[in-house]
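Each structure below is given as structure tokens.
Same chain, two partners: chain A is paired with chain B first, then with chain C.
Our next item is the complex of A and B:
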């Protein structure tokens, strides 16, 4: 198993290089000149030319790509943002943990509710519970996120006043990041007030973001369980007189698990790419809003780094899913 | 129970009372903190490098300029320079600095620091040039070609030499981008000065959590009137609806960029706990008439159109009342505004009469260009165009509405392809030159034109050039009033509206003065 993992890690390098070319070309293909955007309506030919030279936009495209690859992969330097002149690594260090924290929280919620819901629905196929699970999942995927977000803020933040409406923590806190994930850092710093503040702040965006993965997880769990519950060995287990819980949890769920793990991994990957709408509605300072604003500003170095980061995250999650699959499903280990 | 409590001494009761209060009350914001909820984060806090309002609103509290503006006006007044002299030929400006001002890091604010602040923007070979380049604002206002040199004549005297006389230069120096920065801090932080700003202003930079908040603290050693509020927090809440709800929930003290509908909602839901500061912004929305094309070469036709358009109705319907009707191409908040120009109150009968005199008894057909996107001075250009179309139809003019993608629109109007076109302008500096010369001087009627009315009037040109050169403020005011009178009679374009800048805030916020240039200044604000 170990050698498989090592091989997989090495195979990520050429993928990443190929990807860098694609990312570089896509970013270049976005219409709009960053120099023009920086200078605004008042740009003239002379100031444009000077700025383009300053930003290195006037050298041939393959030279630019060469510099980009050398800088990123050999020197490990992501460059500076055109818009803010900040080192991009510093931006990522702050924004990515915020996205990771929210994504993990949302996925955790989705698993916690989605899997039991799927199991119950499969077990009582055709019952009201099953209908409830199916309609919940349809509701989950089809409800517009910005609307749900605003409604939740309106109910719990404004009218009931029980949860904060936006942001990551109360403004009174001066927070020094360690991992960048406030829920963890506050515990490391044994600051329970900060923990509570960040926990209450993550609930609404977390719930909003969890609706789609929850729906997928519930559906996949239900479908896989239905398939498995029909199998002979489950019938045998039942015939042996095992308790229902034991049959479902031990025999059926174990076989359905690979499908569920795969979908959880995919969903987590998607959430880690940053949830632009949820992040915007809740003023959550994550990677999604950053990439979006970088597109608006044609912030080329920021975009290149941002998209590569998202892609790398996907690859790592995929690898992780495969490892988990190897653990839960012995058949995968052989291939 | 009650009896027992009474027996406690005062401090114990106070302590107990505070404990109870602490448990019962949700964590409210401290009275000495003001939270400003805004639509976006600052790009950077090096004022010379940025161009966006969200950055300037923060840097304006940290930094100071040689000159500044009287709060709530565009009148230039002393900043860190206590006074200044301008040579008779208008080419040399000598500023005398106040004694004893220090930056937040202890560096003295002297002539050397002023020269450093300008040289780093002016001179590409300056060692600190690269740290804040490309200095967009400096170049956009033409200071890179206007300033010939800047030098320290004495420890407290700075001399600017210009390449040509340009009176608006003084106003320009008051813009946030030309603030005086601590040379020590710039050299220490280099490119990262934008994240570690050090100035001499009433507030000291404390922390910046990206996309969350910028925190400033009152400068205890400030040389001037010290800030009343201890802590200023600039919170980023990009979603309009979320920001509105934060305001309704009183989680922020002041809200930026409310949508027209939000104002109504806030009034209805918050009643007495909300107040609004409002005034016309430094902007104008107008209908350009292409003076190079028939029939707009005829002044009677231009005046007829002016009478035909019902500005008040447009403001009531399309602007939801959040604008003031315009009669001049510059806003009334700007000095030199002429309130006594010829006016054109809505009068379709008079319009028809003028058209008849001009030989267009049966009207004519024209194109009416409408911007494709909302602009700060006109949120719904299409609807404005439709309203104008209706008004013109009533006097027999058939206008066909035309629109292009924004870049194309600018390009084509600058080339003069339109008959009539909606357009507008937001001032860069608080100087009438920045409106009248830019929008209506013949110098700017050449393709690509900013004077898209293509109005050329030699008399006006003489006045505007004279006003540019003279540094006598009273004379300049007189000249600009004359200029507006000429424009009003000639009616080369129809000034439509000055959109209002509206700032909702809790009624506990006192002494907030809304600024005509749109900056948000809290140094004099108090909280009740």
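Our next item is the complex of A and C:
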């Protein structure tokens, strides 16, 4: 199994090069001259030309791409943001954990509700629980996330006033990041008040973000459980007189697990990127809002790094899913 | 006519939810086509004296503003009705872009196999390596924010699903007897691929088209909400919410009704598409 994993990791290198090429070309295609953006509208032609030479913008495009790959992957230098002139690494260090925290929270919620709902629905096909699971999965993929977010803010933040409407924590706290994830850091610093503040802040965006993965997880769990429950060995297990819980949880769920793992992984990857809309609604200071503001500000270096980061994360999660699949599903190991 | 009636009756009996999806979609198409006749007020007409009129059922409501007015005194219901037309346009156009590129790519890639196939599939996989919303945002960043560009972006991002579905189906079809018969009869490869084979895989494609239209409307609304799609004063539903979100404190109706319109429409596409899938292939139910 180990050699398969190693091979899988090495097979990522061409994909990575393809990915970086796509990102490079996208960013090149975005209108706007980086030199002009850096120097502002009033810059004279001479200094513009000098900066273009300095940035390597007047060399042939494949040379620029080569430099981009070398700079990004070998030197690990992402440059500076045009909008805030901070090093991009420093921005990522703050923003990325915020998005990861939100995405993981939402995924946990989706798993916690979606998997039991899917199992129960399949076990009692045609019951009200089944109808609930089916409507949940249709609602989840049909509801506009930004609308749900605004409605939740309107109900819980504005009318009931029980939950905060935006941000990650109350501004009174003096937060020193360790991992950058407030929920974890506050526990590490045993600051329970901070933990509570960040917990109440993450509930609404977490619930909002979890709707789509919840829909998919419930749907896939139900479908694959239905398939497995029809199998002969499940009937045999039942005939042997095993308790129903044991048959469903041990025999059936084990075979349905690969499908569920795949969908959870895909959804987590999509969340890390799809958090853009939810982050905007709740002013969550994460990667999504950063990429969006970079689009609006034409902050080319920030955009380049942001897109690459999201695509890379997506790729690494897929790799991780493949490895977990090899562990839970022996059939995958051979190929 | 009688045949259509019995077909609908049959569909209603087997798939009640899907049937209601179809009813809602029919209403939506009707609304979109006859927006001029249905709406009571000009959707762009402003009247500051009517600013933030609440819906008719609240005390301060004023006829004919059934769902109230916005910050410029524009009628919310009329804007929603014209938005229905835009949504249909968005769904059709985005899916058309995805299908026009995706279907031939999948047909050719699946039929010829070999080198063409592996190159094409590599490219498709590369596109799938990016989350679709991010890719759509990148395309909009290149083309510039507007409704048309947002729709083009969503269409381009939907090429891979079309190409993959068609390719998978073609792989199952190309060794079948009718294809061999076509070949023996000396039909051109073009007419085999775009005639016989396409005809035989039309069912699952129709399902993807239906579901894709719902998805496109949802994504376009999302892009408009982020300020990358329809620009004011276009009454696109997502743009209406983006405009209304600043006034959520005083006028809930500015975001509630447009969102409901998106939700109901997308849900109608989804349940109709699901029913269509089960109808075409009862095994998956």
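Throughout what follows, the second predicted complex is superposed on the first by the 303 of 335 C-alpha atoms of A that agree within 3 Å, B and C clash if a C-alpha of one lies under 4 Å from a C-alpha of the other, contacts with A are read in each partner's own complex, and residues count from 1 in each chain.
In the analysis below, a residue touches a chain if its C-beta (ideal position, glycine included) is under 8 Å from a C-beta of that chain, and two chains touch if they have at least 3 such contacts.
Everything numeric here is computed off the predicted structure, so don't read it as measured data.
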| item | value |
| --- | --- |
| Partner chain(s) touched by A:153 [first = chain B, second = chain C, both, neither] | both |
| First (chain B), second (chain C), both or neither touched by A:143 | second |
| First (chain B), second (chain C), both or neither touched by A:291 | second |
| Partner chain(s) touched by A:50 [first = chain B, second = chain C, both, neither] | first |
| Touching partner for A:315 - first (chain B), second (chain C), both, neither | second |
| First, second, both or neither for A:230, with chain B first and chain C second | neither |
| Partner chain in contact with A:307 - chain B first, chain C second, else both or neither | second |
| Touched partner set for A:280, first chain B, second chain C, both or neither | both |
| Set intersection of chain A contacts, chain C complex versus chain B complex | 146, 150, 153-154, 158, 280 |
| For the chain A and chain B complex, residues of the former touching the latter | 38-42, 47, 50-51, 54, 80, 83-86, 91, 94-95, 146, 150, 153-154, 157-158, 161, 164-168, 170-172, 174-175, 280-283, 285, 289-290 |
| Residues of chain C defined as touching chain A within the complex | 122, 125-126, 129-131, 133-134, 137-138, 140-142, 144, 214, 218, 221-222, 225-228, 238, 241, 245, 248-249, 252, 255-256, 258-259, 262-263, 266-267, 270-271, 274 |
| Of all residues in chain B, those that touch chain A in their complex | 26-27, 29-30, 33, 35, 43-44, 49, 51, 133-134, 136, 139-140, 191-192, 194-195, 207, 209-213, 215, 233, 235-239, 241-242, 245-246, 248-249, 251, 410 |
| Contact set on chain A toward chain C in their complex | 15, 18-19, 22, 26, 29-31, 138-139, 141-148, 150-151, 153-154, 158, 269-270, 272-274, 276-277, 280, 291-292, 295-296, 303, 307, 310-311, 314-315 |
